[in-house]
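These are the structures in question, set out in turn.
Same chain, two partners: subunit A is paired with subunit B first, then with subunit C.
Presenting the complex of A and B:
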């Protein structure tokens, strides 16, 4: 059975690009969220195997959303997707519980390696 | 006056570093060679700013982003409407001409280019000068170029008679894609920019 993934990003074009990569590689995209709050709500509703989460988003940022997801499910797998390539920001995400991070703009191979690593398949 | 000139020099250096970084990420994003060139860095009277940049009249899609942190800036990127369609095709690696009209995806393409370029600039502040900066979520806007620019500079009008404008242009290999990017330092950035002046 294919792994179920929730994609959270405020930019529809990024959600489309990530969803295309994931579907093409036999993952099931079970839902999309356009801000951190939607990410939390959809996680609780859909209980996906993994979430890809943007950091800079309106309403609730990705790190806050991930923290709330991990409070709900301490085993949640969250891969951060961000354009902010700054050590401090990335370490903050990892310390808060992110499984891995992907820097935008991304290549398909980098997305897949982060997802596989999160699932222990790398 | 000397301070202004030194700060202007520091901004020119940061702008060049930022634009070099932004060129790399933009090329990666559109999957072909792209060059962003620094056109002008200048201080001008706020009432003459719109005239000075000689904005051509058409409708554009733009994204406003606030760079918040130790050196606050306002960032604006604009694409002519037709160029935003081409931009969408390039990002999604579709044949050019596939995107026929402005829709949520097209606006999102401009939003994401703005986000990635503003982040590239904040990354330069962080990596090269250890200055904390982060972009806000982009606000996508669609209007006449001059209207967007006036709204953009209005943020500084209450606190200064002059503004420092950094203009740049994009060129994408094999495509006539043009884009304008403006970076406007806000008043609170003076102290950090002076610090940079002393370190370079």
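Presenting the complex of A and C:
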């Protein structure tokens, strides 16, 4: 069965691109969230195998969302998707338990590699 | 089938999308087939079938569209596939190659259609090859470059090299920085040169067209939000939380621009984000930043417009970026030491600091990394290792490699360190992540001595990270620590250092988490929204309109059936009549026959005939009576009624999806009022009411320009300058207001000001001067009519034409735009009190209630909105004023026109009619009676726009298809009233 992934980002275009990449490579995108809160809610509802999480988002940022997800499920895999200049935030996210991160603008290969590695597939 | 160009275009779009999918499928299956054939295996019938079906579908749709080339080519390809499918032909590599070629040509045809709506690519070669294959002839080899070369050669060479370069070199890690231009040269460039440069600007952007549309939708929203919030912040500097929002919006704009590949927007957004970043950090705003940021967002808007219309960027933003960067450096330097020369972007500073001297070359790193050895442990390190050993930790020596292409090496190293720290203790690591520079292009080797109680699988998987390879992972020998002395100090020290901090942070986070979770509970009820291309909604709207038509057709069918039911009843009646007559006849015959008993033979024959006739008649009666036509018609009637209900529900539903709050249009006016007020040096505030009022998207879109014009007018001409206002005893600060509200099926929009008001006399005089009206007309005009002169083309009351208004785009354009969405405009004004423009616009454009009337041989639809009443008038009641037919309607005189005279059609001679049917229509200002032949009734009709050829035809706005399939022209009451004057 293909792995189930939740995509959280406030920019629809990024969600679309990530979903496209993932779907095309036989992952199942089980849901999308457009802010941190949605990310947390959908995680609890859908219990995906992995979340891609933007950091800078309205309502609730990705770090907080990830923290809450990890509280709910300490084994949750959360891959941050962030701009290169969000160093401070990214470090915070890593400290808070991010599985890995992808830098925007991303290349398909890096996205896939990060997902595969997170699942221990490569 | 007759189609309007719009319909055709829409269908072509559908066709293209569908066919591209089919082509994809065919290509995939062909590829599979090719490899199967190569391996000498059988191609599954299902695959052949799928390819055949796809080709067949493309052909079918294309023939419907009249695309001869697509049909011709696909037909040939389909034939091959069919033969193969029916095993009349073998699937060879040669056949597959020819099919590939054919479908490539088809693809290029589809691209032609997409770009130019024409079939340009030549199909002859390809068709020839397929035919040759079908005839079993030797086939000319496929010239693979031929068709591709053709399409590519249409691209300008510059662009293609541009694209190649871009694709070879993906966005650099620091792509947000401006391309380096020799600064000395740049500054020398004078304006005209810069302008020329702009005119011929070739964007470096490699735009990802697949995602562009989606990005634009998102960008538009972000631009609007940014404008609104920036304005808000400028008004009230204390709202520092807005800075966060602005920063976030700009960050999103930048991020998505990077993804789609619009470098210009990315650069601008980066520079703007930097400035906002400083504000965010320092928790304050800077006076001059607003002008710059507004300028920036305006340019982004320009880029947006250009992307939307041409899919390209035609503006050089280098200069503006430089200005923004300069300003950024100014403000960031404000509080720091002034002699600090090159202020770098914060993260650059950080990364620069991370590069330790002496670690700059790869060899050094490798040397240090590989020399990790327990023997080199310091005393303290050994101690802590000892304690961990006693606790039962396992020790590992790990070597990790970070890939050279990874753009964020130090961060990956940090990630690894953190992952390891969560599962155990890093005893030694080299190099530290702080000392790794992202700038290094070669791979980085990291050596680690690690202690953990976790299973090695878990540790390994924590090191499974993108851009990182695990080179070796070895359990270290136990003996290493056995001989070292014991001491516990270092262990506790480590624990003190790390644990309490972590616990504290965790507690804090849970608190925050709870709070947020509590808030989330209340907000989770919020309705989630999705964005939909408005064209899709338009289409849905059209389709639901079609449904209304179909329903009407069904209703008509029911009527027709009812008619035939009457016929059937008549038939039954005739049958029973025949039966009676037959009985009489047989009775009579038998009586006569018994009287002349001698003609036996004839008698027998006659009896036979009568019996046969009787049985057939009985059969006829039985079948006619038995058929349950009546019941079926009743069911049909009921079904039609529920169809009607469904279709109107669907229509309402679709209409509601098209409804959007007018807010989007309204918010931009805050900015406009601010800009204009600043320019004309007036104090003006804008008050907005009812921004959540919803109306059709199409109308919302068309309202922007007229409202902008009115608002500009209000600020520029309506509101007096502050001194004059004070002299008049008014408050210094002028107010412009914008209100929206619902009124039945209409929306009312009001644009007003508390300025000097409009003077009807001055308006009339001005119109006279401009030759819009003649002197003798003025006396006859009411005040209202005089005011309405401002809607005449070429009118402007401003004594002084400013740079803002009076550009020739006048209120006449406003009026025509409002009219084009079937709305009306009204003016209310009072000198020195202010002016109000009231607009009444229907909620939706696609479906209206109309009154159907007949004139001559044709049916016409009059929008019910403008019908005030229907009257009957006798010939003797009509009298003439100024040569115009007039009737008395209650206390008013009502001008009477015959429709045929206004729209110049062949009408009926009504002079002999005793009674005239008159429909009274109104455009909101004046009324007029339209004489018609007969009235059909009210009906919901779907508006179909007429093509451009008909724009000159006055009095008609569109057409509609009625239930019986006839077409009714929709009359334009406003134009009819104007024309009849």
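Here is the rule we use: the second predicted complex is superposed on the first by the 117 of 122 C-alpha atoms of A that agree within 3 Å, B and C clash if a C-alpha of one lies under 4 Å from a C-alpha of the other, contacts with A are read in each partner's own complex, and residues count from 1 in each chain.
Just so we're on the same page, a contact is a pair of C-beta atoms (placed from the backbone, for glycine too) under 8 Å apart; a residue touches a chain by one contact, two chains touch by 3 or more.
This is a predicted model, so every value here is computed, not measured.
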- Item | subunit B versus subunit C as contact partner of A:97, first or second or both or neither | second
- Have a look at where A:40 lands relative to subunit B and subunit C in the superposition and call it first, second, both or neither. second
- Does subunit B (first) or subunit C (second) touch A:14, or do both, or does neither? both
- Where does A:89 make contact in the superposed view: on subunit B (first), on subunit C (second), on both, or on neither? first
- Message: Between subunit B and subunit C, which one contacts more residues of subunit A in the superposed model?
- Response: C
- Message: Quick check for you: in the superposed arrangement, does A:67 touch first (subunit B), second (subunit C), both or neither?
- Response: second
- Which of subunit B and subunit C A:30 touches, first, second, both or neither: neither
- The shared contact residues of subunit A with subunit B and subunit C are 10-14, 16-17, 56-58, 83-85, 87, 104-105
- Once bound in the complex, which stretches of subunit A touch subunit B? 10-14, 16-17, 56-58, 82-89, 104-105
- Which of the residues in subunit A come into contact with subunit C in the complex? 10-14, 16-17, 37, 40-41, 56-60, 64, 67-68, 71, 83-85, 87, 90-91, 94-107, 110, 113-114, 117-118, 120, 122
- Complex interface listing, subunit B residues touching subunit A: 25, 28-29, 88, 91-92, 104-105, 108-109, 111-112, 115-116, 119-120, 122-123, 126-127, 132, 134-137
- Message: Give the list of subunit C residues in touch with subunit A in this complex.
- Response: 170-171, 173-176, 211, 214-215, 217-218, 245, 248, 251-252, 254-256, 258-261, 270, 345, 347, 350, 407-408, 411, 414-415, 418, 422, 461, 464-468, 509-510, 512-513, 516-517, 520, 523-524, 531
